[in-house]
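The data blocks that follow each hold one structure.
Two complexes follow with chain A in common, the first pairing it with chain B and the second with chain C.
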Partner chain A sequence: MTDASADVVATTSRWSPRVRRIMGFLGVLVVVVVIWELYKVVGKALGGVVPGTELRLRPPPDDRIMPHTWDVVLQLFRPVRRNGELTVLLLGKAALFTLREAFVGFVVGGLVGFGLGVAFVRSTLAERAFMPYVVASQTVPIIAIAPMVVVWGGKLDIPQWLSVAIIAAYLTFFPVTINTVRGLRSPAPTAMEMMRSYAASPSQVLWKLQVPAALPYIFTALKVSATASVIGAIVGELPAGFRDGLARALLEFSQQFNAEKLLAAILMSAIAGILFVGIVTWFEHRLVAAAHRQE
Partner chain B sequence: MVAGTNSRERGRGDGVSDAVVVARGVGKVFGTDTDRVEALRGIDLQIARGEFISLIGPSGCGKSTLLRLIGDLLQPSAGELVVNGKPPRQARLDRDYGIVFQQPTLLDWRTVRANVELPLEIMGVAREERAARAEEMLALVQLAEFADHHPWQLSGGMQQRVAIARALGFRPALLLMDEPFGALDEMTRELMQQELLRIWTETETTVVFVTHSIPEAVFLSTRVVVMSPRPGRISAVIDVPLAHPRDVETRESDDYYRLITEVREALRRGETGEGRR
Partner chain C sequence: MRGIRGNGTWRMVALVGVFALIVAACGGGETGEAPEAAGGGGEAACESVDSVKVQLQWFAQAQFAGYYVAKDKGFYADECLEVEILEGGVDIVPQQVLATGGAEFGIAWVPKALVSREAGANIVNIAQVFERSGTLMVSWADTGITHPRDWAGKKVGNWGFGNEYELLAAIEKFDVADVELVAQDFTMNALLNREIDAAQAMIYNEYAQVLEAVNPDTGELYQPEDLNVIDFNDPEIATAMLQDAIWVEEGWIADEANQDIAVRFLRATFRGWIFCLDNFDECVTVVLDNGSALGESHQQWQLNEILALIFPATNGIGVMNKALWDQTVEVATSQIPDLQGVTIPDSAFRTDLAEKAVADLEADGLDTKGTSYTRRTITLRQGGE
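And now, the complex of A and B:
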């Protein structure tokens, strides 16, 4: 939910909260660009070293490693290679391709995460038995898991994009499980006693009290998961050797040592992530905002 | 007080048959060894159909615990409890009682109407019947025009009235209330007491009401059960033969003041250790 102070300011301002939000977003962008360019100008003026020492500035302010921000944007509208596709088109398609895997992984991971959360709240035994493994699963680096999933998926004749989605799901489910458990346990003890006094069945308690109470918690997790699933999909595409996703573009551009293209690809990944989180937030406002407005 | 001088027909009956609650030697111990607390010991109590019983006593004397035992939210460590002729568990499964806590405990994501309908939904009452009953109950607590509001849009007193409507909606034989007016200001509180008496008269339920306020206990009850702590037990039971309907005049009558004094003295006797082990 929007914080109260923003609302108070909004009432005294000429602009609607939505416009103010967009202005805030653009403001930060401008500041970042200014700092970036200023660093380049000042760095070059100093000859690329910290004044009075021999220490080289990191990163070096030259155009090859730290291109101008406008060059990064312009790169989007140049062909990727001679007579090739426009960079923005290639990256746009790649982002859509990756988002599709990420989305499937997100849905699967979200459902698994929710299911595990419910199971853990229902049965302390299940929680004790499985929680350590769930936690351990997240400490194993995803770059170690991803090739294994792809290899096993290949042996089992699972379509490769599905293997990638499974890797995305792997990064998605954990925050959802943790927050589902917290959310389902959030109702006041008296609310639970009230349900008990109605002789409500466990599933009635779950769906009429615990799940509605957990929704704000679950949506917080889903926003974390939305970004994590994009990362999972990109990492999963590498061992799968996909040519159509963002991973391929990122890999190729970094091998070319082309900072402009690489930064353009990073920009596109970021936009994909923001888009995804935006969609989740839209649903959150539909489902949760009206219900929990008092905060 | 002379026993049985209730001006009300549906006052206390002596037969076990029409008893809604029977407690025999009920005790409750929390914890083990080091953190052991004996919350209740040797509770004997009989509550007849249609009575309005108040439990009063110093903090920690086990009033809430006794209420929770009756409502099968806790299991007794000793003795026996019978509710509506059944074990408390069966009474709970039969939805024999409604419960109102100190906090209204409404669900924020539901409208006032949907909150009142919650227990009916759980009990599988049909949609039209649910709507009709919610309507009726909200009219009873005079909140009909707030049916489509959300709980956070209501004052504390209004929220508590919704909680009462919710508890009455499925017409329980027994209403258990744990300091339901504790968080209200004095004026609202007196209004709510008046309301509750009116509802009690109209619905003919039996009420067990926990309170810290002596005037509240006297004004509302047919009998006041005075409890004392460590371990929690009943130190006196005082009949309240004030005429019904009770109103502002009741609060100014000599009988009312005399009864308040009587309850206060019973409380003090319990405090100073008479019968303490």
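And now, the complex of A and C:
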């Protein structure tokens, strides 16, 4: 199986899938833009109501609420206010600030998640004892937890961005734990028996067999967690009244009732998420390939 | 939605569509350090500096210009105060921050603070900064709604979440029949799209946002003539409730050293507001410097209107107008479910500290009543840019 996947990597040409992926991405973008603009044109032609009824179209197809897609992009390169800095600069700085929190949370959450996963696989008792709490922790809405963490952080004189990182970690660890458990248990019983027959120590079994086998599972979780940590960071910023992050920009623009700027901020949040997942994927390719070579 | 300023939860609902459970954890009121050095002021070197925090209801904007100006112009420093201005946020309720010792001073609307008091927050109003309510009911001029009675049979928007009591009181007062109360979101879209006949708006925010929107018929911005406004401060209606006031925790202010800190804080804050009367543009600049995403013309509009909510100040800035307090309490205890049948003691506010601050400023030759204040003409630009 390992050999087969290595073959796939070797035989497929290097640029073709990449080009295809970019084409696919751009294709979807074009479709979304066309649907958006078409909805506006048709909606306006219909007078903003569903034909034959009094029902108003939602969202209303006017420029105030649904600005032209190009106006949103142009807004990025217009000053955020008269004589102010460019919107893209303001949002870029905000995105970097938020990504820093998300990244710290992601790393902490990833390590905690992995550690819990290993502990659960090692000890069924630990799994039985802790798993219900781990699951319970994720059913509590993050917006309920976030203000509490920020308040506690304030009491303990932890910098606010670190409190937010903790919230991001909180969203990160769960998928990693679940998938780590699953992945560490994925090697075939025969492989485990073989390792034991070589008198491999538990940690050798873990690092030489179980972890490499678990990597694809863990990276799947990490990609989920990467987006979750960005969301966690933004939600964590909301109650804190953060000056520098994306949440502030989102709130400020929604309050100003400015759809172009708001959509530009949403666009930037999405780009931040894509960037983060992209980085995780890059590491995935390198690490999983390295693990295969090791085998 | 600036009513939302007063209630953070509202905004979260608007944005995320979910209630946020606010847990005011960690009791224990750590109070500001009580210093021995008292009085002071002027440019005299400080023997010691007192560090205090003030919790706003929302992000930096002209609504809070007085605090930012007092800080940036050094008025707090002149009073030997090191003031940290805590911006509000979605889930930040200043009354709770006060009650848990997170700040010495908090800005809150009177009715909301009264509800918090009833829920156990021991807070007291030491300065009623805004003498007038900023809440309006806005409708299109062509619908001819000029009096609460005209709401009969109409769709009237409101924000709910504690922002609707002035409206409910007016409906009751004029016995308006068949009003269809509609939940209004945090934009003015429902009014702009004529889905509702009247919309709630803060004069310093949402009302301006309508005037910053383009009228598709003319291609120009909407003009004040396009709109009718019902003002709850109108003596004919008189259901206005007091809004931004400075509150402190009762235990904290019981300490004489803290009373001295409070007087110095009020003196510097009032000085900041009075400064804006004569240095309007400079004040707008201070606000813009503290919030990089704010629109310039919108903040000019806001400061202009905020000053009109403060000045003229009947008893000098910050000193409670008892008649308006009584009116607020009357509306609150008749309209707010949590306060029905509750007797609000007059000890919920005190005027001695603000009076002392005002007297000191008068002695310095400052116009604390701002009787000469007249609104400027602000030219709004699209989107408040």
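The rule is simple: the second predicted complex is superposed on the first by the 273 of 295 C-alpha atoms of A that agree within 3 Å, B and C clash if a C-alpha of one lies under 4 Å from a C-alpha of the other, contacts with A are read in each partner's own complex, and residues count from 1 in each chain.
Note that in this section a residue touches a chain if its C-beta (ideal position, glycine included) is under 8 Å from a C-beta of that chain, and two chains touch if they have at least 3 such contacts.
This one's a predicted model, so the numbers in the text were calculated from it and none came from an experiment.
**Q** Which of the two partners, first being chain B and second being chain C, lies in contact with A:Leu209: first, second, both, or neither?
**A** Touch partner of A:Leu209: chain B, not chain C.
**Q** According to the stated criteria, A:Met194 is in contact with first (chain B), second (chain C), both, or neither; which is it?
**A** A:Met194: touches chain B, not chain C.
**Q** Answer with first, second, both or neither: which of chain B and chain C does A:Arg128 touch in the superposed model?
**A** neither
**Q** One more residue to check, A:Ile143. First (chain B), second (chain C), both or neither?
**A** Second partner only.
**Q** Going by the contact rule stated at the top, is it chain B or chain C that touches a larger number of residues on chain A?
**A** In the superposed model, C touches more residues of chain A.
**Q** Using the touch rule from the top, collect the residues of chain C that touch chain A in their complex.
**A** 1, 8, 11-12, 14-16, 18, 20-26, 59, 86-92, 100, 102, 186-189, 192-193, 195, 205, 209, 212-214, 216, 288, 291-298, 381, 383-385
**Q** Could you pull out which chain B residues touch chain A in their complex?
**A** Answer in residue numbers: 68, 71, 73, 92-95, 97-99, 101, 103, 105, 107-109, 118-119, 121-123, 150, 152, 170.
**Q** Can you list the chain A residues touching chain C in their complex?
**A** Interface residues on the chain A side: 48, 56, 60, 62, 64-65, 80-85, 90, 141, 143-144, 146-148, 151-152, 154-155, 238-243, 248-258, 260-261.
**Q** Over in the complex, which chain A residues touch chain B? Could you list them?
**A** It comes out as residues 188, 190-191, 193-200, 204, 208-209, 212, 290-294.
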